[in-house]
């Protein structure tokens, strides 16, 4: 569904991604884990076209989406839930969701919007309670749910999430990951970028490990979870290791 | 580095001499008048270059400081205190030779301040005003800073335009010559044209030397660091607020000194010198010269001011500066000397 | 007598207040979508007034005004597309200088097209000497026109932003451009639209007040400063507050003539601007929380 | 008389900071002993960078006190704190553009110089000598960190890793008693990270106390003498590396819900 091939990108003279390749198959959750500054957010911004790659290609359903403007990428069915949520703070929850449905409006599927709204409210009942509240006044977890809901309103076939667990309490993180799994089960493919490696790997089918702009490891999520190197570097499990 | 700096100043002086000789040979001695005025405008502009290009702070009100200098000097040297001749204060001022007698237009005796005294007062006044304005203004950034300085400039303009003492729309005329030293007089008298040309450009050379020295000193590095990354500069122990303020004041003094000299050279000053369009023009030239390039700015200032003063732009004078400003900022924000046609063309093609 | 004079000044203040308010709103619309302060905002008012005067020579008044508004909107859109659209993350300094340059160019173009002459449209209804009397206070009908148009503009703008999909998309673009892009909204078009919109209401204001205040090629920069003062006074980005701030500034200026020389009128409003910038840059009506949840 | 060596170099007491509805740092207290490396760790959003900004004066604290070299520094401006001998680097590199690497490091010498505007403009021999001395000192620091070769290169055109070291050199040039490092290994690859660890220990061995915020556990565990762990703005541990690694609370915070 998504194939990234030899992608390089960065800001000015700073190269963040170096000839990076990966792929996502329909119906999977693929997770990309890595430390701060490894280039995770840059990767997602480049895939959506918010940032232009210096070389390489991004094929979504066989089409090179590097060539089209970022808003068109959304029309093709690839939505990003950005890092730090970025909801429209001064607008009510409902308006946030309706803006997410912009694509559906333009596709001429106006009548499906109400149904989609119900579906999002079904996934996140708390949003229905907060329907007319300003998004900026929601808690961090609720904002994250709103951001995911907003992206779903565009009826994406691939949803990409940038660190949905950031700054959230463990209990809420658990909720969010639960819902991400549910979204996949409903048929939407998921690309999940996370620092919270354990939670991410637990719900994912496959995983990539990103370090300084390169994929250094890839494989089945279960295998990665069990990998000692990963445990040392990303799961903090140095507990019984060589240090003693 | 140091030798390079002195070498460049020497080239500047050589160019100045060459211009004078060329006008002499070509029999266009009257060109020197515009060249002299150009020099004084350049003085403001290099001061502004320090503020904008090195300390990274915009000022859309520098014509205001020029006007403060010019008007202070004009008022003090044309005021007639002969009616107070008997008073004790006037007596003291005469003793200190701060006041001088001279004849007015109609042959009557008048008593007014010596240009040197006026110049010193003008500079002190400018420093005071620049500090007073600078403390609050420089806390602002971006649009707010631009608008606040623009507002300051507008206030000065509407004050000189609306005050009878400053001659309102007519400005102040019959400002006397400024005897700098025995034998050196700032004056527009045709016989003193060559001398004044050298005085003006000598002043610019001194200004350049001072600023070039400054840029390569501890203070200069601190200023450039503010421009590069203000909070990092602060973390390195640079008192950013104080340095910005001092630079603002210094550049204001450059403008005021230029105002004093040009007023004596022209024999008067009018409100248009304080107008916003003038301030914008100074900013334009700094931008065209490449913000952080004193030499680029000076070259552009010499060229554009001279052409403008000779009237080559005709009634499109302001439009030329507006157009230049837009074009430079669109295509070569690092200044015209950095313009790179090849990358530009490439960019245009990428868009298409 | 005193009371009568008081009301005359008040009415004059309200008239100027409307135009300041509308220029302030124009600033806000563009600022909200782009983060740019458009220093050429006052030029839209000039363009609107002058174009309407020219069109009035061969068109009936309502059509002349309509034409002027449409032409100015086109100019606004064109300015955005030519000068702004293709810049990639320009610095604030660069944007300030570019919009100042644009304002100079537009003004000089105005000078070439229309000369230095002062012009004005006729009164929409009645004429200079016809006036409505409210308990002894004489009010020119044009003042009511300008107040009315200002009110309609504000109401329509609010309805547009609140209840139309397009208005909502523009607000989204203003609130968070990246997030709006991720919703599929073509944000660049929204920015062009913001220039068109703000040019349009500027032009309309220029037409409506032209019979009273008259129009000349050079009025733009003065208006820009006043409009900016109003925008700051109300809190940058807050259009409703700009209206209130516009009336405050207009009335303040108007009464300042009572006690000070007319030439200092501008100095008054600018001193107010400086004071605001130094003491309360979030505006009279803005509070900190609202500053964070910034909106129209 | 208190023996000065027993007094910690930096003492943070009940410091707190709130942004709107978010309590970013809450009642955090810790101290750093002279000549040690102390690390602050915690998940994203735990308040580490906020804590750093509070200590270096970039943010005013709501509550609490900070004492450095027996001087209260809360409420002081960043440049004043830098003048007292506390220098910092930034998570996102902030080198001065349009200046060479050497000039960047020389800005670090700012606090040690005196020449003002007038002296700078006149460029008198005394001023020039002072300037030359700072130039030499800056070069020495660059040499120590192995970047003297790039002295005349425009700083922002260096590679990312080199820029990190220039930033470190700039902070060191202030001759600080204490160095605050905000994620010095962010964006570095494994080899560069290992080099950075060596550099930091080299700095410590020269008697400079280090407080470091870092994500890279391998770096932190290897070089730190003590570690403070933050979670949701609160301190949940403050101990030696091994004890921190075995602290169940820390493990839970880092791994999320460990119900496996």
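To keep things simple, chains are lettered A, B, C and D as they appear, and every chain counts its residues starting from 1.
The rule we apply is simple: a residue touches a chain if its C-beta (ideal position, glycine included) is under 8 Å from a C-beta of that chain, and two chains touch if they have at least 3 such contacts.
Only a predicted model underlies this, so the values are computations on that prediction, with no experimental measurement involved.
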Chains touching both chain A and chain D: none
Chain-contact steps, minimal, separating chain D from chain C: 2
Label of the chain whose CA centroid is most distant from the centroid of chain A: B
A-C compared against B-D, more contacting pairs: B-D
Between chain D and chain B, distance of the C-alpha-averaged centres to the nearest whole Å: 43
Separation of chain B from chain C, taking each centre as the mean of its C-alpha atoms, in whole Å: 34
Centre-of-Cα separation between chain B and chain A, whole angstrom: 56
Multi-chain contact residues (two or more partners), chain C: 292
Contacts with 2+ other chains: residues of chain B: none
Arrangement of touching chains [line / ring / star / complete / other]: ring
All touching chain pairs, where touch follows the definition stated at the start: A-C, A-D, B-C, B-D
Of all residues in chain C, those that touch chain A in their complex: 165, 168-169, 171-172, 175-176, 178-187, 292-295
Interface residues, chain C side, partner chain B - complex: 37, 83, 86-87, 90-94, 96-98, 100-105, 107-109, 111, 221, 225, 228-229, 232, 261-267, 270-271, 273-274, 277-278, 281
Chain A-touching residues of chain D, taken from the complex the two chains share: 43-45, 156-157, 160, 183, 186-190, 215-218, 221, 232, 242, 245-246, 251-258, 260
Complex interface listing, chain A residues touching chain D: 13-16, 35-38, 163, 165-167, 169-171, 173-174, 195-196, 198-199, 202, 211-212, 232-233, 235-236, 238-239, 243-244
Contact footprint of chain B on chain D as seen in their complex: 56, 58, 77-79, 82-83, 87-88, 90, 94-99, 103-104, 106-111, 113, 115-117, 119-123, 127-128, 130-131, 134, 170-171, 174
